[in-house]
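One structure, pasted below without further comment.
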Amino acid sequence: MVPDHVRGMKCALLETITLQVFNPVVQHRMKKKLIIDVDTGVDDAMAIMVALANPDVEILGITCCHGNTPLENVLKNTLRVLKVCNRLDIPVYRGCSKPLLARKQHAGDYHGKDGLGDVPDPDAPGLDLLQKKNAVQAMVKLVKDNAGEVILVATAPLTNLAVAVQLDPSLPKKLKALYIMGGNTESRGNTTVCGEFNFVADPEAAYIVLDRYTCPTYISTWEFTCRNSLSWSFCDTWLAQCTQKAEFMKKISNLSRMKAQSADYQKEITAGTGFNSCDVYALAAAIDDTLITESEEVAVAVELEGTYTRGMMVVDYIQKLKKDHKAIIMKKVDLEKLKQMLTNALK
Amino acid sequence: MVPDHVRGMKCALLETITLQVFNPVVQHRMKKKLIIDVDTGVDDAMAIMVALANPDVEILGITCCHGNTPLENVLKNTLRVLKVCNRLDIPVYRGCSKPLLARKQHAGDYHGKDGLGDVPDPDAPGLDLLQKKNAVQAMVKLVKDNAGEVILVATAPLTNLAVAVQLDPSLPKKLKALYIMGGNTESRGNTTVCGEFNFVADPEAAYIVLDRYTCPTYISTWEFTCRNSLSWSFCDTWLAQCTQKAEFMKKISNLSRMKAQSADYQKEITAGTGFNSCDVYALAAAIDDTLITESEEVAVAVELEGTYTRGMMVVDYIQKLKKDHKAIIMKKVDLEKLKQMLTNALK
Amino acid sequence: MVPDHVRGMKCALLETITLQVFNPVVQHRMKKKLIIDVDTGVDDAMAIMVALANPDVEILGITCCHGNTPLENVLKNTLRVLKVCNRLDIPVYRGCSKPLLARKQHAGDYHGKDGLGDVPDPDAPGLDLLQKKNAVQAMVKLVKDNAGEVILVATAPLTNLAVAVQLDPSLPKKLKALYIMGGNTESRGNTTVCGEFNFVADPEAAYIVLDRYTCPTYISTWEFTCRNSLSWSFCDTWLAQCTQKAEFMKKISNLSRMKAQSADYQKEITAGTGFNSCDVYALAAAIDDTLITESEEVAVAVELEGTYTRGMMVVDYIQKLKKDHKAIIMKKVDLEKLKQMLTNALK
Amino acid sequence: MVPDHVRGMKCALLETITLQVFNPVVQHRMKKKLIIDVDTGVDDAMAIMVALANPDVEILGITCCHGNTPLENVLKNTLRVLKVCNRLDIPVYRGCSKPLLARKQHAGDYHGKDGLGDVPDPDAPGLDLLQKKNAVQAMVKLVKDNAGEVILVATAPLTNLAVAVQLDPSLPKKLKALYIMGGNTESRGNTTVCGEFNFVADPEAAYIVLDRYTCPTYISTWEFTCRNSLSWSFCDTWLAQCTQKAEFMKKISNLSRMKAQSADYQKEITAGTGFNSCDVYALAAAIDDTLITESEEVAVAVELEGTYTRGMMVVDYIQKLKKDHKAIIMKKVDLEKLKQMLTNALK
């Protein structure tokens, strides 16, 4: 294996070249305006990097939420990702540190104790770089100031979004669209018997968001991401790109990769055995309307009271809920396009 | 169309011939001993008839339970089925008229108001033919008297079984096997958003049975039956057999066939669009060990407390429940064998 | 202190005299017919002895249920009580060993590990003295054979009663009355935050009984017994009677008396600080119609789904439940009469 | 009866005199700083007027919440109260229009359809007088700017408070005290079988506030207010004061007074039959530390999942919840002091 410091040097030249690819010649008015709500673990990091790599995307702000790791880590991790991408200009906001009912739900250490593979950066940016405004208030203001234009991508527990709609009940109507990573369609759990992590981490928030966000809502569920995983061989190729970003990703994803290949994790996944970067699907779908090749529109809700099913997404195929609003549940993805987006993200 | 009385005559001859097929030359000691717990609607009727048609089966008794239709109808319907098959010698027992918590759950009128297609028989046998002993007590005694030999097939809400295990906690250990029609694996509901009828009709009973019946337990779930439905063309052929039994089945199944082909019902089924005689699968699998070609062993439970998920079967793929006992969930069936069994049933 | 064997001798003479008090000269047809459903701990023992001491009472049978202590102990304890009272002629039946949902709820060791103060009797009667018939079936039969005459007194979790009404839905109508020790009126818990032991030990059974037993139903709740406790000085006098029964009671109640006076227990009681023999109130009220001097009629139910309130009795003062059947909730007791009954019980 | 316009004139002179009583000679630094969170119905109006009448109180702001009546009415009603008291200088803020889970809970029309006795004022102040800032953000800022000094009095469903602690988790620590009207101690319901209105109207919010507001917390429960009601004769005298405020109060309270004396309402109250101005107790206690003469400190929580008990306050007398923070539950009030405060409020 090539020592890290050598590889780092070798890559320096390449980067100056690849940087030109990102030259923003696209007209500004065509950019998609995104707010990304994250609980930065490794897959949130990938999602953010996919967004940053796309010249057609303008990130209005990144709002942070408890989730994979405590909020303080989430904030730090987010800044670390932006630093690697040289985009510390993007405003990062501190959001909710606890779910609505304040019952803790640990993500375990799938993404490491610090949420980012336990490979600390001594030169990580400080939290003084955070915006002063609270994430929820920022979300309300950014959406108001860009009414009709903002695509909100949520890859964390939905606490920030749930609080925001209380501050401004008209917020959902002002959104262009909402993309969520979370929930499940077939009662397959990865955290509790029947519950997916992001929804289980704050079931009330998930309920509120699915109930009150009546904008076009796209959901990337646990089963969907399992069924559309990438091969480990792609993963190898992907991380072998000789760039600082690839180096960073390789380091932070090493731990979760090992876990993903463990027997314990195999019980959780509902199909396939590959590389499943959950959060990337929601973000990639938000950026490229052609990514999702199959989906279905169904009313959904969240179970709040079950012993085994608290936090489970409820899919109302038999139309018992009498809900007008239907969510768009992703079913299939164009994997080649996804690979290209991931590849670009590490260039 | 041929008038009924004419067709009846035409068939008379045929029957005397086909009867010989059932000549019980098989050795008595090889027979499978069955107790069938039913809430006789149309599909229970089919299941009973499949059992009666099999020379290797001895039905120790039929225990009746509330369900598709009120208990009084269930009792009457069961006797009608036995009469058509000329087997009123089989003991029929009156069981529980209400679920444990006595909250009613109507099956709607899928099988007709009387549970058997609303084609009343003026000469139906009277309830005086019922056994004096209660179904639950009979179940306890029959299993005790045939310890290790009885296969219990349950195609109704599980109330009788739940009460029986309270009367005799050792009953499950004395069973050879338990076959259940009920529950679901992917939160697909046919009665509530996430609930299958038999389990929703008495969630506590379903919970108790899945918890305390630690004998080999085979479950034919809603999704399984949907995915292994038969074609309508087979159904046509099947009912076209020129026998009294086929006449009877044609009459009683007419209403539910129309309903099965309605748009409303299409929302419920999870796959395929054919003829799904739910209760037959469990019984057929109990009779023929080679019928099920694919299955999986997983611990299961029943959600009791959810708003949307009460009565839903919980499948513990990620082994959070720490249950030693696993159920065998049917996945695929040998359709040709099933067709043959159904065909024999109407001969 | 007088050694036990000396005291025992001293008392022998007295007993031959007092025995005559019980000479059953009362006319047989006036006797109240009781079935007592117990989970014999110390207070059940007191209740049984109060019943045995009353010449106007005929005990048709004692049905045993899990509760204060595992069923095997309950059976043994009940026989021990009957032996001390020289009434092993009374039939004792084995009932349910687990609550309906089979989730264990330990009573702690308030009545000792064996439920009877941990003072084992080497000459305790064997379980071969039990009736062969199951308690639930016996209950159904005894009530049927004495329709309109039986007073059922339940001082245990209500599992046996809940199963009985499934076997015979007409059982409640055949009862003269039902007396229950259990539940609470003001959400004061002695087992969980809001739950009384007997109801919490089988919430579904309590729900079923309050729902389906539409006979006159008298409830002795936790708060009621706390507010009508006896003084410790009475207790001293009571146990100082020089009889074998008093000796027995003194021994078995010693442990729970110490516990009753501990700080931990003081938190549970809702009023007073005295000697609260919970189960005695229900039984004494069943025997003497004038014992209860104040009561109220209200519809009641049992909460099954709460996090804190599962098993709590729900009192419908504002008539939201739309229930026709009202229970009679005991409020005040004639303490002098109660003392007399207790005193007689140890003579 | 004296016609309104005549009485109005007669009162004009009196008012100019009584106004001097309120001359704020008290030193400013001694004033208690209050934020009042209301869902202005008639009793909130009384509470606000009691606060306004007290020279030692400075109202930093009134935050409005859904509850007795829709938020738009609450806002209007609050302004009407301030106008009558000539205190439109006090900032009024628009808060949450729906409970966290957005399930509606109507208060019925106890306070009239408009929440204020259905006696509309054609000259009511317009909503343009409202502050621009949202109530929750205002609450966060006011408490921050007056850290350690603010007493928060909440007489509405607790939605605003629940959202505020998500925006600023340190808010509770910055409060001097919190006074709540809501909840119950003995499972006595006035809205559902076991639930008090304010808590039932947003159980999750009540749960969050009791869980996360670890400042000194005083609770005026439903049973407490019922047991400390005032006589109707006092009410007569009180409203007979010849002032504009008394006229106003007489008009707006007429409807709820009639309802309070109806048979239906009698079922709800747990004791007494008098005039129970629920919201006044919490506010009066906040103003005068000597008003409450008896109270108890106990840990509390809110049941979220029960069928009958959802929204019920759970009082942990037996210390099962292992909560460090205890609430102070009001038990008895100095009625004479309360009367004086009420009397002053209409001067």
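By written order: A, B, C and D. Residues from 1 in each chain.
Quick note on the criterion: a contact is a pair of C-beta atoms (placed from the backbone, for glycine too) under 8 Å apart; a residue touches a chain by one contact, two chains touch by 3 or more.
Note that the structure is a prediction, hence the values are computed from the model and not measured.
In summary, no chain was found to touch both chain B and chain C. Distance between Cα centroids is largest for the pairing of chain C with A. The distance from the centre of chain A to the centre of chain B, each centre being the mean of the chain's C-alpha atoms, comes to 46 Å.
For the pair chain A and chain D, the distance between C-alpha centroids works out to 43 Å.
With centres defined as mean CA coordinates, chain D is found 60 Å away from chain B.
In chain B, the residues touching two or more other chains are 304-305. If the chains shown are joined wherever they touch, the resulting network closes on itself as one ring, and no chain has more or fewer than two partners. By the touch criterion stated above, chain C contacts chain B in their complex at residues 96-98, 100-102, 134, 136-137, 159, 162-163, 166-169, 204, 207-208, 211-212, 304-305. Those residues of chain C whose C-beta lies close enough to touch chain D in the complex are 185-190, 192-194, 267-268, 270, 301, 303-310, 312, 314-321.
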